[in-house]
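So, here's a batch of structures to check.
In what follows, subunit A forms one complex with subunit B and a second complex with subunit C.
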Partner chain A sequence: MRTSLRGARDAIFWTLCAGALLLVVAPALAIIGSLLQQAWPVLTLHLLTTTTAVDGLQNALLGTLVLCVGILVLAGPIGIAAGVYLAEFGPPARSSWLRLGSETLAGIPSIVVGYVAYLVLDEELHWGYSLLAGILALSAIVLPYIVKTTEVALRQVPTTLREGAAALGLPRHTTLRRVLLPPAIPGIASGLVVALAISVGETAPLLYTVGFSDNNPTPYLFQHPLGYLTYVVFLNATLPTRQEHQVAAAAGVMIVLILIVLIAAGRLIARRAARHAARMAN
Partner chain B sequence: MIAGVNRFLVPRFPAVNERARTVEAVAAGVSAAGASALARTARAGTGVAVDGLRVRFGAREVVHGVTVGFHAHRVTALIGPTGCGKTTVLRALNRLHDGRPGVHISGSVRIGDEEVYDPRADVRDLRRRIGMLFQRPNPFPLSIRENIALAARIHGLWSRQDAAERTEAILREVGLWEAVRDRLGQAPFLLSGGQQQLLCLARALAVEPDVLLLDEPTSSLDPGTTARIEELISALRDKMTIIIVTHNLQQARRVADEVCLLLDGEVVEQAPADRFFQAPADERSRAYVDGRVG
Partner chain C sequence: MRARQRGSAAVRAAAAGWPGRRRRLADADLSRADRILRTVLLVGTAVPALVLLFITAEMVLSALPALIYAGGDFFTHQLFTFGNLYATGQSVAHGVRAPLGASYGAAPFIIGTIASSAVALVIAVPVSVGAVLALVELVPRPVQPALSVFLELLAGIPSVAYGFWGVLYFGPAMAQHLYPVLTRLGVVLPFMRGPVGAGEGLLTTGFILAVMIIPIIASTTRELVRTVPALAREGALALGMTRYETLRAVTLPYIRSGILAASILGWARAIGETMAVLMISGDLLNTLPANIYSPFSSIAATIVDLLDSALTDPTGMAVHALAAIGVVLLVISLASNLVGRLLIRRVALGALPVGRGI
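Up next, the complex of A and B:
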């Protein structure tokens, strides 16, 4: 009697768990499925060899990748440096102000960031539609994540390592570089992955700042618009022909593919971090 | 085992024998010539003098005016019940409280004839001269080789050319060479806890400290490694001033020349180990040794 009751309870519990899992997984699968179904007829190499001026996505894909590189080059070092400062060097009072600033920045909607960047950079400074303006706007959006993950990753390095280094009379920069950063690198890298994922998916701040171009990316930072994948999804969905809708879906597929690659990279890094942590705990 | 360590130490530190003899001569109460010889060599042997040390965490004073001398070439055991301030005193000696918010320190700490809390003091060089071994091993996330050589290279004591040779010498000195000789390039986290602690000791010795601070260095170790570290402490006394915090009175009896008992942030008694354990001057010392306190 009692065992069958418990069995029934277990069954209900597991059914609910499975249901919850389904609720999470189903929408993701549905989205990917319908994207693939929509995009299927145009998913050919043609997509990669022609630009949006014809019916491909070459310029948009390259533009998105250029933006990613820009984020890595600009927001990466600045965000990591700020996180290092907050975790290791900043006096508590100043650090808490910086932290407040960073968290406020994280809360500002991306469309507002984009609009302000447009007003200041494109208009006031006459940059026009500009790659640099887009990278700056995206940086403002992703910086708080890089700062936070860097700070957290460094704070998780055991204090005993800092003390051991101090007790040997090591300079602080050596301590940082040789003792504290190596175990923090996986955490920092996962912050960069999140920053890139956000950059790939954002549309609003780019609409204002880099505009859009049917041509492939140019080496110019100013006065030249740039194509990118999210714009194609945004625009083509409003266009009349079936073929244009299919290209929009194909752009969506590409975004999802990039995200999957990024998530996989993040997983790989996290697994390495876990292995490292296990060894540190001894 | 001790003999083995000594045999290794002596050729590399030719001054040691002479210094040790002088110390013995003076201890036996001999001539003025002997005393001046001690004064000459005393510069090489660096004692630590703590005077009126107070440490406050926020509003709470934890160390209330500690005055104690740690003599050169002696092992002094700092004992006392948990929370009495042993670690706090020890960390004040190499300024490890520096930069900690809310920590206030006053009083004087002298190493040799240098004031540790002199604002002009070179903190990094002070810390090089005052090595420290922590309660739990804390090897760096670097290779075993780099763990040992990093600080010695930074302080300019080792060159790139002789680093390998000197790493081997230090590892032999602590008795870790055979265990790690084939994996110098690997991370130290796969070593046993005891081996890691020996590695940390080797790392501290590589920068040639004058003073060695040990905070319950064997409390998390097996008896074998504990014995090994105690042997090393006894051997290292010839080279440096050693201060060991321990809860283990047997250990204090085994390794210490001097004992200093701390209760509630104050020194109760400092005395040669024999006397301290046989006939403590203070009633509270007797109570502590008998296990009636702490």
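Up next, the complex of A and C:
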């Protein structure tokens, strides 16, 4: 009797757990499903050839890509430099403070970053709606992720390699470039992938910094607003007509597609890194 | 000759083992190029910390005038209005001038922010932990990565897409089918009583926020579960415990504080969430929510919503008022992040995600 009671409790518990797993899978499917269902009638090449001034998404897609490039150019090098310092150069006491600063930065709500960027860059420095202001705001949000992944990637490189390099009398910068960075590159790349995934999905820090434009991106960093995909989802979802909802959903589908590409890239990089680590261990 | 000395010192340093000591010894041997490189890297490392300080200082300075104007009423009053921006007269309080009739009471925002994220947490923690246990214990190993993709997807789906789904599909469906049933719980829990509204409000937002923070809690829990010593679990099973009892006796005690830390980090993310809340909350100002279904507004959503009109205030006080509620958000976020991180550090897991589940 007692045994069957225990068995029943076991079964009930694991059924609940399976239900919980379903509750994780279902919303993801439901969201993507509803986006696809809404967007289906407008998912044509027309989206890519016309701008939001008509009913396309060309400017928004290009704008999002421009922001991504900006992140890679600005946040990438700074974040990697910080990660390298924390893993290889920093004295423990100083590193732990700087690390805490970086991790705490990740905890600042994105709207606060957007608000400060808007007040300081767009208003006080008179940049107007500006691409650079948006890139700076996004960089502040993604930097901690790049720092963290770079540091973790370098820490996973076996110490024996450092010792070997030191035994050969290599200067530190050569050790870093020739010995430590190559095996860490997959980890660093996956950090950049995460940074891109965040940038593609953010809205709050961009609303007031880059504004929005129905025209294609311009080469100007200042005084020119920029279109991007998340804004279209936000604005069109609040507009009344079905056509506008469809374009919103189409923008959502594009973001999810970019996301899937990024996730796939992340997995590929991780697999390569695992192979590399296995080779290293032998 | 010099190079050999440098090498031997570095080896001696490396042999010392402990990183701090090794570095200090090796320091003397850094070449000129190494020192330059180290300085450049240090500058890069200072950037995130400086940005953090700058943002915090800028928010606090920007908030001060409005905080002085509102005084203690800031936390207790329900009325948040920029006043009559076109009137000739001005309201003066505590020596600070604002447009006529301006009142900066943040109570509804603060309560709305905390209530919606609390609802999210109550839903997300059991679901995340249950889902991870099912993923690790029930799902065959080859299928696990495929299901983990859903966690990455949930983490990556932009908050505006959550908002889109919540306001057009999820909210209305819940208001029609689930919420009328939930009102029966009103007998025991007064805040569950109707009316249920149209699906824009606290509970709907709580559900959506829960889905958004599940990846954070779940991915951390997944890493934690993998650290549980297999021997202890096998021992429990060998004693004849069921898998549920093993979980209660071995796994959960081992990962409990880690789950707590992950939950705090998830909560910190939920209170700062902006766009989804703006789209689903129903955006009710100046009123406290009457029940769990009623519309509300959060701090983050209000900042986005009102910044446009705040800029038209000739005294500039409206912008300060938004900074003031922003500071409340910032303080709660930073405090909970710090607590969560210190807890995580105590569980000693270096490779945990920094704040989002990706």
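By our rule, the second predicted complex is superposed on the first by the 261 of 282 C-alpha atoms of A that agree within 3 Å, B and C clash if a C-alpha of one lies under 4 Å from a C-alpha of the other, contacts with A are read in each partner's own complex, and residues count from 1 in each chain.
We take it that a residue touches a chain if its C-beta (ideal position, glycine included) is under 8 Å from a C-beta of that chain, and two chains touch if they have at least 3 such contacts.
What you see is a predicted model, and the numbers here were worked out from it, not measured in a lab.
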item: First, second, both or neither for A:P158, with subunit B first and subunit C second; value: first
item: Contacts of A:P92 with subunit B and subunit C, given as first, second, both or neither; value: both
item: Residues of subunit A touched, compared between subunit B and subunit C (which is higher); value: C
item: Which superposed partner A:A18 touches (first subunit B, second subunit C, both, neither); value: second
item: Contacts of A:P171 with subunit B and subunit C, given as first, second, both or neither; value: both
item: Touched partner set for A:Y115, first subunit B, second subunit C, both or neither; value: second
item: Partner chain(s) touched by A:P183 [first = subunit B, second = subunit C, both, neither]; value: first
item: Touched partner set for A:I198, first subunit B, second subunit C, both or neither; value: second
item: Residues on subunit A lying within both footprints (that of subunit B and that of subunit C); value: 92, 163, 166-169, 171
item: Subunit C partner contacts - residues on subunit A that touch it in the complex; value: 6-7, 9-10, 13-14, 16-21, 23-25, 27-32, 34-35, 38, 77-82, 84-86, 89-92, 97-98, 100-113, 115-116, 118-120, 140, 143-145, 147-148, 152, 155, 159, 162-163, 166-169, 171-173, 176, 194, 197-198, 200-204, 207-208, 230-231, 233-234, 237-238, 245, 248-249, 252, 255-256, 259-260, 262-263, 266-267
item: Complex contact set, residues of subunit B against subunit A; value: 94, 96, 101, 123-128, 130-132, 134, 136, 138, 140-142, 146, 150-151, 154-155, 187, 189-190, 193, 196, 200, 203-204, 207
item: Subunit A to subunit B touching residues, read off their complex; value: 92, 158, 160-161, 163-171, 174, 178-179, 182-183, 276, 279-280, 282
item: Interface residues, subunit C side, partner subunit A - complex; value: 3-4, 6-7, 10-11, 13-14, 19-20, 23-24, 26, 30-31, 33-34, 37-38, 40-55, 58-59, 62, 126-131, 133-135, 137-139, 145, 147, 149-154, 156-165, 167-170, 211, 214, 218, 242-245, 247, 265, 268, 271-275, 279, 300, 303-304, 307, 319, 322-323, 326, 329-330, 333-334, 336-338, 341, 350-351, 354-356, 358
